[in-house]
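The two complexes that follow have chain A in common; it is paired with chain B in the first and with chain C in the second.
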Partner chain A sequence: MTATVVTGIGVIAPTGLGTERHWANTVAGRGAIGRVTAFDPGGYSSRLAGEVTGFRAGDHLPGRLLPQTDGLTRLSLVAAEWALRDAAMDPPALPEYGIGVVTASTAGGFEFGQRELEKLWSKGPQHVSAYQSFAWFYAVNTGQISIRHGLRGPNGVLVTDQAGGLDAVAQARRRVRDGTAAMVCGALDGSPCPWGWVARLATGQVSRAEDAARAYLPFDADAAGYVPGDGGALLVLESAAGARARGVHSWYGEVAGYATTFDPPPGSARPPALRRAIEDALADAGLAATDIDVVFADGAGVPERDRAEAAALRAVFGPRGVPVTVPKTMTGRLGAGGSALDLATALLALRHGVIPPTVNVARPVPGYDLDLVTRTRRQPLTAALVVARGHGGFNSAMVLRGGHGDTDRD
Partner chain B sequence: MTTFTIDDLARLLRECAGEEELNLRDDALELPFAAMGYDSVAMLEIAGRLRADYGVTLDYGEILPAETPRRLLELVNTSMAGDR
Partner chain C sequence: MKRRVVVTGIGVVAPGGTGAKQFWDLISTGRTATRRITFFDPSPFRSQIAAECDFDPAAEGLSPQQIRRTDRAAQLAVVSTREGLVDSGLDLERLDPARTGVTVGTAVGCTMGLEEEYVTVSDGGRHWLVSEEYAVRHLFNYLVPSSLAAEVAWVVGAEGPVSVVSTGCTSGLDAVGHAVELIAEGAADVMVAGATDAPISPITVACFDAIRATTARNDEPATASRPFDRTRDGFVLGEGAAMFVLEDLEHARRRGASVYAEVAGFATRANAYHMTGLRPDGIEMAEAIRVSMERARVVAADIDYVNAHGSGTVQNDRHETAAFKRVLREQAYRTPVSSIKSMIGHSLGAIGSLEIAACALAMRYGIVPPTANLHEADPECDLDYVPVVPRERRVDTVLTVGSGFGGFQSAMLLARPDRRIA
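So, the complex of A and B:
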């Protein structure tokens, strides 16, 4: 079977607009977490976030699209355009039903929806925008990307919180293997509004620290929650044979393996299912644990969840058996966008032979027995594992194989 | 006498459907909304704003067939005159 490869990437993240700026800031360990500016966080127990800054929708999108789009839909549209351009893909030149879209979302267009709900209750139903009919909906990012670029192939959406980015790319890989020429996939996610904020605070897992450098510390002795954020990445996926057929002979890497599992209910005697997701992803890739050169961890930042993830990694790779890193310490947890961004960052790491750092973690818990990368590390990398867990019990794992194209086996 | 003018419509379109560069000249009055990129949901949004801002109630069966700016202007002004 021909490999499924990534030929284009579009990134919009707190660490930068565009792949290059994101990668440069990430390698340099420049964190982007700060006090929330999208709304006044003063009344809440948590006030820090990783926000996308410097993005003016009017600079990137036609005016006609602005009244009908939530902020995250706008980011999705621009990231999709950048990913398609990066892939040198011109949709009108491909078969009409040849390209599909699958994205993931944690909550849909909450910012847009909150505004319309406020109008509903303060002014009355006649003041609610007609665009609310779709602008709030989880699938709207897929829909708007599809409409804008005429991508009439198989479309879909997944809602699995932080695991969503991996799950969307996995679904895209299924479609490519079934014969779809190409898929735009991944996620840009986040709800920069009070409604989204309180929904996240309700999990009890958001850090209450005031200091941005001390708020989100996955695998650290002082771990006390995570910091939310917005953004993510979209990828263009196609078969290696299809890429070659349209004259593309180099790419970022291959989506080599994937698996997803769901945790047993609280109180069950059965263990969390993350270990099985990792092992099944390796098996799907036809690789052994020793073939993996770096793990991009989920990094929940909540002690019991860190402990569970460390246990799973230790069981599969052995104590300090593989470099583990959490570059989302620089951005916060971006929901489905977080795992999509991890995929993009991992592909860049494979291409450049650089493991980006886990920042701010000064006291990794010794008992976790992880080789946690706290300073940028340069070494050749051939395969990466990306792990993501979603609130409620989702576990997904994806194996990426690096490679530049025609020197690789098919 | 209050009328709904081409400038009123242009402003409404900009606010509802966001086309800043729209410049409705006389010859654009015959251009179908669809050709300008305004789909049926945009027309429903315009209907909502006409009701909220001008007190003109047009149901879907009335506004969707008004396919050009000229026809919509006529429809709105007829409705406003009829209320008197």
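So, the complex of A and C:
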């Protein structure tokens, strides 16, 4: 089977608009968490977020798309355009039905939804937007990307909370393997509005810290919750043979392995299933644990979940057996967008031979026995593992193999 | 060689009654379950009709805590899952959790719970900065529809691949298609898959009012859903769930399971045209049908019944009629085509799975459900839509299709496994 490779990346994240700025800030360890500006957070118990800043949709999208889109769809449309451009892909030049789209969503376009709910309940049904029937729902980004670029291949949408970014890319890999020329895949997430905010706060897992540098501390002794954020990444996937056939001879790397599992119900005596997801992803890639040079961990920032993830990593890689990093500490957790962004960051890490840091974590829990990368580390990297976990028990793991293209094995 | 996948259990909650038997009794006799909305006062709305389920979660055996933490969509999914598991005869104690997965389709997730809680935290729409204090503890479960798959996975004891598929109104087909693929590639041996939606809430009714997608025939609720009829004027919103037990064919044979059907082919394509509009030519739906037939190794003459999307909007019914003709050619005129939305309305993401259930039951009982309320067809809809009266017919191979906002077009072929050459 020919390798499924990533030939394009589009990033919009708190760390920057565009892949280059995101990577530069990430390597430099510049955190982008701050006080919420999308609405006044003063009355809420949590006030910090990783927001995308400096993005003006009107600079990138035709005006007619603005009234019919939530903020997360605007981010998605622009990231898709950047990813296709990065891949030097001209959709009309590919076979009919040759490109599809698979995105993941955590909660849809909730800000749009809150505005329309407000109109309905304060003014009446006649005031609800004609766009409400699709602007907030979970399939909107796939649909809008498909329409904007004329992509008529197999489309899909997966919802598995934060694991979704990996699951969407895995689904896209299936489509490439059964003959679709190329897939746009991944996720951008986050729809900053008070309604979505209180829904997140209800979990009790959002950090109440006031200091951005002390708010989201995965694997730290002071871990006390996470910080939500917006953004993510979209990737262009195709077969190495297909890339070559259209004259593209370099790429970011290969989606080499994937697996997903689900935890037993709360309170069950059965063991958690994350370890199996990691082991199965390695087996799918045909790699041993010792072949993995770096792990991009989920890093929940909630002690119980950190402990479980550390135990799974220890079981697979041994104590301090592999460098582990959580660049999400700079952005907050972006839902499905966060795991997609981790894929993009991991591909860039493989390309540049740089492990970006886990910032702000000063006191890693000794018992976790992780080689947590708290300062940027430069070393040759050939394979990375990305782990993502979603609320309720979703575990996904994806193995990426580096490589610049035709100088490598296929 | 990819593994073959069969349906061995069916569970349904649909308008007109809970349980696959009640569902089949309704649609196989051509009765309708559409009525004036009772969940809230519909008088301020343009469309005041829906196909509601008379569903009591406590009477269906859900525990008080399950009821408190879940939206209605999850409750419908859990109850239909339980029925599907019993129907399959699977011994849950002997299932390997790691080899068992779940896929739940939904278009709008926990929208009823979200709206109810919104009304409270915003104090009836008064405050943009909604109240944290009044948020219920399980609000996040409503925000993220992945909670639907988690609830089902806990019922099943699944620890393999678990996900929600949310592709609007093709979710019910796409979720089953996804589950079939996971078994075929070897990621699981058993998948519990299907779809659920409970969208009958003011915000959903209002948003379809705004684009005039739903019927305004408020004086005739029982006959308001009129797919392919000259007088159709939009769909009737519905709710419900259908969940299936899907298995590797060999797994099913080893345990001597009774098989409804093999999921023999599936494909999806995008029209890349408009979020809510359809081009009249149906090209992309035709392509999805063509590919699903190719995968199932079925030709047009093999198809005994076409279960249509048949929503009852003017554009949909013409769009898919064109698609059927484009791919089935002259055979399109010889094959019975019907829409069960004429009886149970359009439950958005759930309907695709309810339609798969209708197809599997049509195969088992040898009856093609009719298109109710079809008295005079639109001249542009000139196929055999099985008007009003159910038809006895041996059904070995069925095509079912779906079309949704976002441009999604999906097609699935069900067939008797013993009729196909392995």
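One rule holds for everything that comes next: the second predicted complex is superposed on the first by the 410 of 410 C-alpha atoms of A that agree within 3 Å, B and C clash if a C-alpha of one lies under 4 Å from a C-alpha of the other, contacts with A are read in each partner's own complex, and residues count from 1 in each chain.
Convention: a contact is a pair of C-beta atoms (placed from the backbone, for glycine too) under 8 Å apart; a residue touches a chain by one contact, two chains touch by 3 or more.
As the structure is a computational prediction, the values presented were derived from the model and not from experiment.
Trainee: Fit or clash for chain B plus chain C once both are placed on chain A?
Mentor: Once chain A is superposed (C-alpha atoms), there is room for both chain B and chain C without a clash.
Trainee: Touch test for A:A57: chain B only (first), chain C only (second), both, or neither?
Mentor: neither
Trainee: Using the touch definition from the top, say if A:Y97 reaches chain B (first), chain C (second), both or neither.
Mentor: After superposition on chain A, A:Y97 lies in contact with chain C alone.
Trainee: Looking at the overlay, what does A:G156 touch: chain B (first), chain C (second), both, or neither?
Mentor: In the superposition, A:G156 contacts chain C only.
Trainee: After the superposition on chain A, what is the angle at the C-alpha centre of chain A formed with the C-alpha centres of chain B and chain C, rounded to the nearest 10 degrees?
Mentor: With chain A as the vertex, the angle is 60 degrees.
Trainee: First (chain B), second (chain C), both or neither: which does A:L65 touch?
Mentor: After superposing on A, A:L65 lies in contact with chain B but is clear of chain C.
Trainee: Tell me which of chain B and chain C touches more residues of chain A.
Mentor: On the superposition, C touches more of the residues of chain A.
Trainee: Under the stated touch criterion, which partner chain does A:Y44 make contact with: chain B (first), chain C (second), both, or neither?
Mentor: A:Y44 sits against chain C, while chain B stays out of touch.
Trainee: Regarding the shared-chain residue A:S133, is it in contact with chain B (first), chain C (second), both, or neither?
Mentor: In the superposition, A:S133 contacts both chain B and chain C.
Trainee: For A:A311, using the defined touch cut-off, is the partner it touches chain B, chain C, both, or neither? Pick first, second, both or neither.
Mentor: neither
Trainee: Using only CA atoms and the superposition described at the top, report the least gap between chain B and chain C in Å.
Mentor: The answer is 5 Å, the least C-alpha separation in the overlay.
Trainee: If you lay the two complexes on top of each other, which residues of chain A touch chain B in one and chain C in the other?
Mentor: On chain A, the residues that contact chain B in one structure and chain C in the other are 68, 128-130, 133-134.
Trainee: If we count contacts the way the header does, which residues on chain C are in touch with chain A in the complex?
Mentor: Going by the criterion above, the answer is residues 44-46, 97-98, 101-102, 107-109, 114-115, 118-119, 121-122, 124-126, 128-132, 135-147, 149-150, 153-154, 157-168, 171, 174, 178, 181, 185, 187, 202-203, 205-211, 213, 267-276, 284, 287, 404-408.
Trainee: For the complex, which residues does chain B have touching chain A?
Mentor: 14-21, 37-38, 41-42, 44-45, 47-48, 51-52
Trainee: Okay, in this complex, where on chain A does chain C touch?
Mentor: 39-40, 43-45, 68, 97, 100-101, 105-108, 110, 113-114, 116-125, 128-130, 132-134, 137-140, 142-144, 146-147, 149-161, 164, 167, 171, 174, 194-196, 198-203, 259-265, 270, 273, 276, 390-394
Trainee: Give the list of chain A residues in touch with chain B in this complex.
Mentor: 62-68, 126-131, 133-134
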